[in-house]
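Shared between the two complexes below is chain A, which pairs with chain B and chain C, respectively.
== the complex of A and B ==
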């Protein structure tokens, strides 16, 4: 479980509140500079907020952006680091996982490929047997094959343990298949937080003639010379002049990011429409 | 944490203590050779013996005489600056500070273990110099270069330099920039403390016709003035007091003749100096200033780390 209330850090986070239940795989999305990294650093305790507080349950493991490791260490020495700096540490799990991935323990970290380095960083986090795993842009700088491998092995570990995960990315499509909870962070505020299936079923895209009122809760939209397209939330509109279709996660995120004043925070008090 | 500290800093540790061991070996060989020379030349006149030992001393001194200036700079640049500078540069602070060990403990172990070893290295160097040097030379106070190799000076300087590099790395988050700060600040500090040390005590004042009564002792000269025949102290003798020639190069016969003439007319030297009995007083004041500086830099480091974590 993650519960953040009223987080503020300079201009990077402004009154950031969110609540995510246990066992969720959370996609934290938002444009560059939205405050994703700052938010994650607060969650893992690297930053202390000026105002507000974060509560997490149990052991929290973190893989920072760019997956920092000590280049001069051998892989086995990175495991020693994990073992010596943590009270909870599953060494045999870490060794088996790396062996399964074909990463030699005596290789210097700096000589591994980017995908292998990501796997070592992930292994160190997983061997702590965390209740919450936080990953900051874990797929950045990886080639498509390595992205797929990292995601696949991560989801395997999640299925095994049932831990909660937060993955940040500015590419929504990276996370669409693996996550079941969405948080959209924009300009230092939480704009959307909710179960992805619920969010998708609550929203729809409607296209109709200009000048016609959608008669619904409009999140945002765009228009051409003849038509307007709007993303609405709530019950479908019966008017036949509207063509209605389901939304994709991409549509949803884009519409909210284009309308920073709109919000969908179903789990927070009083926001539900 | 101890394992991690050793693993990350073993390079500096091995090089530093390896160089200290080499220095010790050189002192041992030099000392034994000098002892054998003295024993087999028992009949030598004192002046000849002194000249022979002096030549041996100078040969060794050229190897380590630069240490009081260079060693602290090396310690600050290679032990201190990378300690946090490199972590910030590589982003590895986000790895190591998010393990179960708290940041304050990580920092405390690094500062205490590495700072302790640095101080130990400084003490080892001064101990080795103190054992080896008396066979050749007995002065310890007058020459500030020698003074800075003895007692607690190396330990205090090394520790200060280490904390300086660490703080600079923590604030600037760049190893190379922190190294440059170390060199710059140490240059200013070395000169500054030397200038300041004149004021650690009120200098002794001696009025004499023969300056060598003071300068032949192991003292630190502060100031020289004249007492005129009327008993007034003056910084410079008045023009025309005596015929004054001009010296060329390192020949000072004209100055000697001028001063002899002044003494003959009733002028006297006034010499302000610190006597050798102030050795420990100066050592401890220097050390207190440097340790206070190191503590302040430690505070700067803790603040910078707390802000980043």
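== the complex of A and C ==
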């Protein structure tokens, strides 16, 4: 569980509150500079907020964006370092995982591919047997095949342990199918937080003539000289002049990011302050 | 064992794709009563999807009485679906193949075939319910 209430750090985080249940795989998305890394640093305890507080349950492991690996170390030496630095450490798990991925323990980290380096960093985090795993842009700089490999093995670890995961990314398509909870962070504020299936089912994209009111809660939209397309939340009133379609995760995130004043925080009532 | 795949551009939610693929395998006899479905871990390590999606699909199949989850053992096929036995399927498939052969000789391509077959199925059931 992650429970953050009223987090503030300068202009980078302004009143961030979220509550995520246990066992979720959370997509933390937002444009560059939205405060994603700052938010993650507060969640894992690397930064203390000026105001507000964050609570997490159990052991937390964090993989920073610039993977915390030493190029001159062999993979086995990285494991030794992990064992020495952490009180909770499952060495046989780490070795079995790397063997399963075909990553040689005697290879120097600097000689591994980007995908293999990401897997070593992930393995070191997983060997701590965390209840919450926090990954800052784990897929950045990886080719599509390596991204798929990393996500496959990460989802396998989630199926095995039931741990919670937070993955930040500015590429929404990387997180479709793997995440089940969405947090949209924009200009230091939490704009959206909720179960992805619920969010997708309660939003619709509607296209119709200019000047016609959608008779529903409008999040945002765009227009041409003849027509308007709006993202609405809640069931729209049936009107044949509107063409209504389901939304994708991409549609949803884009529409909210384009309307920074809009918010979808279905679970906010549950936050205790 | 059933080999799940994902059609990411289909617009059908991932869990429903898994449900449909199990049902399709039950109809075609690829999966039979007593067969085990892959574990959530096996599916997610192949498709890179959220484990809860697999569990949601299996829960739906269980709700429909098609499979049963046995704690600590796995998920197993409880019953088959389809209106006919497998021998009938084989016979009907043979006559369908010969019909497809004729249609292709007449110059129909794959899309034409799907459209014609789909329209004929719809008409047949519509006449029945009328």
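Here, the second predicted complex is superposed on the first by the 269 of 273 C-alpha atoms of A that agree within 3 Å, B and C clash if a C-alpha of one lies under 4 Å from a C-alpha of the other, contacts with A are read in each partner's own complex, and residues count from 1 in each chain.
Throughout what follows, a residue touches a chain if its C-beta (ideal position, glycine included) is under 8 Å from a C-beta of that chain, and two chains touch if they have at least 3 such contacts.
Because the structure is predicted, anything quoted here is derived from the model rather than measured.
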| Which of chain B and chain C A:66 touches, first, second, both or neither | first
| request: Would you check which partner chain A:45 touches, where first means chain B only, second means chain C only, and both and neither mean what they say? | output: first
| Given the touch rule stated above, what does A:141 touch, chain B (first), chain C (second), both, or neither? | neither
| query | Can A:160 be said to touch chain B (first), chain C (second), both, or neither? | reply | second
| field | Which partner, chain B or chain C, touches more chain A residues | value | B
| Touching A:207 in the superposition: chain B (first), chain C (second), both, neither? | neither
| said: Touch test for A:17: chain B only (first), chain C only (second), both, or neither? | reply: neither
| request: Could you tell me if A:82 is touching chain B, chain C, both of them or neither one (first, second, both, neither)? | output: first
| query | Which residues form the common part of the chain A surface touched by chain B and by chain C? | reply | none
| query | Can you name the residues of chain B that touch chain A in the complex? | reply | 1, 3-4, 7-8, 90-92, 94-101, 309
| field | Of all residues in chain C, those that touch chain A in their complex | value | 6, 8, 11, 13-14, 39-41, 44-54
| Which of the residues in chain A come into contact with chain C in the complex? | 23, 25, 148, 151-153, 155-156, 158-160, 176-180, 197, 246
| message | Quick check: in the complex, which residue numbers of chain A touch chain B? | response | 41, 44-47, 59-62, 64-66, 68-71, 73, 77, 80-82, 84-88, 121, 124, 128
